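Structures are listed in the sections that come next.
Both complexes below contain chain A, partnered by chain B and then by chain C.
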Partner chain A sequence: MSRSICSRCLSRSQFTLETSASSPLPLNTAQRAAFSTTSALAANPPKKKGPVTAKPASRQGKTLRLNKNVRESTGKPPAQGERKAFRKKIVLSNTNALEVQGLQDLNLENSSAEKLAHLEGQVLALTDAQVSALRTLDVFKPTQAWNLFRKPATVIRKETVEIAKALESAQGGEDANAKQVIKRILFGEKGSGKTVLQLQAMALALNKGWVVLHFPNGQDLTNNQTSYHPDESGKLYVQPEYTANLLKTIASANQKVLSGMQLSMKHTLPFPVQENISLSRFAEMGANNAENAHAVYIALMKELTAPSKPTTGKGQQRPPLFLGFDAIDHVMRLSKYLNSEAGLVHAHDLALVNDFTRYMTGEHALPNGGMILAAVSESNRAASETLDYLLDTKYGAKTNWAEPRFNPHTGWKAEPMPAWSPYAPFDERVGKALEKMDVQKVEGLSKAEAKGLMEYYALSGVLRGAVTERLVGEKWSLSGGGIIGELEKAAVKTRI
Partner chain B sequence: MPAMNPFSALRALPVRAKPTAALRAGFQRPAVFRTYADKSVNNPGKLPQSDDKVGPNMQQQEHVSEEAAKMAKITGGEGPDIEGQGTPVQEILEEDKKARENAPKVMQDSMKNGQGAANAKPSGSRSFSTFARRQQEDLSAQSGASEIDPSMIPSSEQRAVYAGGVNVPAVGHKFPIPDMTDRKPHHAGKYRYDEVVNQVTNLIMQHGKKATAQRNMAHILTVLRTAPPPTYNPSRPLLPGAPPASHLPLNPVLYLTLALDSIAPLLRIRSQRGAAGGGVALQIPVPLGLRQRRRQAMMWILDVVSKKKSRGSGNNTFAQRLAEEFISVVEGRSGVWTRRDAIHKLGTTARSNLSFGSRRR
Partner chain C sequence: MVFIFGTPFPESQLVSKALRSFYGLGPQACTKLMARFHIHDTARVGALAEKQINNLAGELSEMTLENDARRQLQDNIKRLRDMGTYRGRRHAMGLPVRGQRTRTQIMNARKFNRVERRG
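Our next item is the complex of A and B:
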């Protein structure tokens, strides 16, 4: 006969009392008393009123409890998204700032390289149409001091004129057949104006009636914050939400151009499409449905990069394409996404990035001309040794390294050609993507440009006092040789 | 019958009794210097006399109730009872046993029932807040920015002074006010930043992180620059000669200085232990220097700001709250104003203790 108590430890019941042999429940299931509908009638006995005891000790138990530290919640907590909105808020106007008399616009009239060369060192305002398009494209950043002035305006610098020249050559100038593709990566110190140079290029391209596409921040693509799934081939990863949002910005920023263009080719799409639908309507269809977004994006890019046939029919005139990419260093390495083997996905395996790199390498052609203008982020730099090395060597090959050059930190010095670290793995994919890309170093403003900018500050009323040569020289030196972000800090933000 | 003293609350403030110092033999106190009488030109050494031989307090208007009683007597009506005014009947009954016996039954009953709220004797003192005229929050008069009290708008002379280059004429000064127009600030050329900005930056610094404090300071000035111009509150007057509100956003340092200097207290209260006798601390007002005043004001503002809840996220939330507090100071909404008022009121009541140190010697 088996005993109900374990003979070894004498403590545990070997069989639970209410388990019958036919019970389907396994032995380790929690067992309870049989179900009963009788309510618990026996209430707790009333407490006896004992003698009045002294006040209990202020601290009971062993844990330290400081009543003072209990936070009182006062007022309504911030609404959902309110705190992030505070961080990301972009204000483009300050009604307290004075309106600058005689401020010219960066309109079509002033867009030519020749005109801009005359306006170098002056500040030109953006038109309302440009501002709304650029706002949609998310080019304005919260760290830039747009919120100090009456209306958004940028200084025309040497690099802006160069960009304007490049846009003109991409368009082919007078000869319509001599269309080119300009491929360039901007790099330079933090606050040197890389993003604003992109902004100026986009403003000029919008003036000329180009189609403008822009990836405002490479980090958003790679930091594993939007949904992703492998495509049919299983090699690339599609980001449906991000793509839908991108299509929305494309459709909204290029509304005028795209509404005049029509679908011309047959595409394999997961949904029926009207034959001669306008491209803006087509992009919106992708934007409204994230599932179809990637197919729409591929089809749209095919349409935009098809050769222009103005004689064939209506809506077949295709303008040049501007492809912008900010913070490209984030996509020149492994992303934060995981593949099926729980390894990190290379950023170039993300479908959108992959598509962009094909334009960079020339695998995807831009027969109507265009510009690929990418920029490196220095305020939030992603570690990519291959990119660093390639930027340095490409820049070195362009310029003469043996010649001493001025560095505000080290003075006049000839720097040695950078050597690849033998211990670091070279990323071949990054090397291939950057093969055809030109590099441009964005450096500080010249003193004349700095003077024009500071005069604009003074006319806006944010810089008090006269703009003298001495003041300009002082601030130019303080800002590491005219680094525009630092100049802004020294002259406006912390001139306190 | 005890006399009623409506100002008995003043007793709460310990005033040090004058020490009865025995005069040393052979020591003669100098005669009290009477400014007006001694300087009298016509009859030096004598008190001035009025022409009609009536002193300043000899012909006073009657009290309203006395006047009303007189009027009632003339017209034959019943005026207010002047005789018994101010003495509660409960007190009379408490003292007088015979009166208690002859009192009406209602009163006797209420005395038996004890002291309830209905039978409570008047305390004989008023709360402090009724002593002085209460500051009316006259916000109804101020509906918009355009309807500023004309007294708040600086006169053309004040604007000229604010703009610099004009000497204030010496009115009521024995010697002319020195010409300060060409005077540079004492730190000119020594520090990169403005004096107030420097001090505030250091006061908001935590854990020795000055760069962070400077970034916060820059954000504060940016907010002051971009926020809509403040609306002045007439019941919270700022420093005299403050510029019009629309001038402030384009001069954020002035904005900051105005906010800080307007709430900076003039004095602090030093508690001298045991000086009031009986172990009670004597409260002595002590004047503060300029930097000390600003520091105290900044500490009050930081107290308020640290208790406020942040509505944003990121680097600049603290600076944003601080900037909003500066704006609310200038607009008269801040709670710091009441702290300043409290200190000044206490200083006023304790001013008789000012000579504490000098009297002892």
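Our next item is the complex of A and C:
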């Protein structure tokens, strides 16, 4: 009897296994592989070896390409953050610009409203101390033409004098009990000088020894670009890194004032604090550790807004507070932050903004007097219908609507009182925040102010030729009735 | 390197990019996940707290991701094919499934439509 398995190798079948002997079909070898379960079809068919082809030509396609079309890389690419740093770079001095003879400083001597009223229409330079403080507060913007002049200087306009008066009345003058809080929102055309007016107000406040706090751009608070988490109550959202950075600017811009003040109350803080620590050191502690920053900020604000008690000695004398906020339109609507259900968070639910709005409504008092000066941004305007409506109606209520007013675009015309769109939801929270706020429209410079500014341009060597009435009138008209940003563009920035 | 759900990510990588690198986790799920643990848009992997990483891993472990998601997709196609539906047949034939013309422009269908779709 013959065995079906080879006794030598135990692998090869001597007989066909899978077909009966009676099968009429001839068998090929592939079908006879008895121990393989893989389908013969699974394997890729062997590649056919074609004729050896030549290497493809180095250039393909039909387009003509000349050597000069090839972009060559020059050096290394910009490092991370380098391009943004360049875009945001603020240059405050230009050694090529002429030094203006007889340029006065906006120093303490010149910062009274009375003195400023005399200097209206003149350009005053900022002192070095002011420049360094304002730089840390991030008030200078890269779009402004600071880089064309030897020293940063600003023109004193009617509104500046008015702000100086307001600062004096906030301080209470001689009478310590007559301290007030001035609450104001600046709005007006793009380039009308809202931010620079804020800058001047801050410079004046710094001269007077106030504590100055400034939120340089509302957008940075709301665009979901810095870390956030809910606070203990779960209702507000804390932004630790932004707060730490804010504390850093507060500590460094108000170094002189805050180092003379001490912690005077008991606060519940997540870390131990020396009892009589100076407020500037205290703020720096918050700046150095983002996790503690919010607790420090709250404590610091409590300290700064506690009533002064001049009789009890050191550390109790508290200066008025200046609270600035630029591009406030960004916080008058929903922010881009998301809550845990992935719904948008209202900007007023962000702890820092919430705190600021409480000063606006008067919920948090400023017993030592102070000024809240917010400004709307027109170059990067966030859509907030409620804010638009309230600004218009408040301004309308302040001025007489029926009276025709001059608009450089439409001439003398009485504009109709704005009506609320019935289809848009009114944001109650924005309404409440703006209830106590006064509005101020920043308009164009007068011709006299424009002349003073243009003379400064000429003395700096940036504007060639004599500053005549005719030239001033021309540029004033070109700039939509003295809109200072446009005037700057027309007279200085444009190179023909 | 930071390990999220067992996968290493460089510290400089955006959290959103790291999350979306998992098969089966797209922009929407990523937004929800990040909102849930209060991670901002431009957060980097290196800036995440230990707790947030653990929470993310916990959430990810409950989701259908990677091979499970691929298998789910293949099962769906297989089910259509086994039922003998038109869609199943078209998948098996490597032709467009949703009534597109087949005279031209079916490169993607040829590439993707098959019963054992790779995901």
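Convention: the second predicted complex is superposed on the first by the 424 of 496 C-alpha atoms of A that agree within 3 Å, B and C clash if a C-alpha of one lies under 4 Å from a C-alpha of the other, contacts with A are read in each partner's own complex, and residues count from 1 in each chain.
By definition in this document, a residue touches a chain if its C-beta (ideal position, glycine included) is under 8 Å from a C-beta of that chain, and two chains touch if they have at least 3 such contacts.
Here the structure is a predicted model, which means the values were calculated and not measured.
Novice: May I ask you to decide whether A:P307 touches chain B, chain C, both, or neither, giving the answer as first, second, both or neither?
Specialist: neither
Novice: Just checking: does A:N96 make contact with chain B only, chain C only, both, or neither of them? Give me first, second, both or neither.
Specialist: first
Novice: Answer with first, second, both or neither: which of chain B and chain C does A:P422 touch in the superposed model?
Specialist: In the superposition, A:P422 touches no partner, neither chain B nor chain C.
Novice: A:V462 in the overlay: touching chain B, chain C, both, or neither? Say first, second, both or neither.
Specialist: first
Novice: So in the superposed three-chain picture, is A:S340 touching just chain B, just chain C, both, or none of them (first/second/both/neither)?
Specialist: Second partner only, chain C.
Novice: Tell me which partner A:P272 touches in the superposition: chain B (first), chain C (second), both or neither.
Specialist: neither
Novice: Mind working out whether A:G81 is in touch with chain B, chain C, both or neither, as first, second, both or neither?
Specialist: Neither partner.
Novice: Name the chain, either chain B or chain C, that contacts more residues of chain A.
Specialist: Counting residues of chain A touched by each partner, the higher count goes to B.
Novice: Which chain B residues qualify as touching chain A in the complex?
Specialist: Residues 193-194, 197, 214, 217-218, 221-222, 225-229, 249-253, 309, 311-314, 317, 320.
Novice: Quick check on the complex: what are the chain A residues that touch chain B?
Specialist: 73-75, 77-78, 82-84, 86-87, 91, 94-98, 145, 147-148, 461-462, 464, 489, 493-494, 496
Novice: For a test of understanding, state which residues of chain C touch chain A in their complex under the given definition.
Specialist: Spelled out, the residues of chain C in touch with chain A are 31-32, 34-38, 40-43, 47.
Novice: Using the touch definition from the top, list the residues of chain A that touch chain C in their complex.
Specialist: 224-230, 237, 336-342
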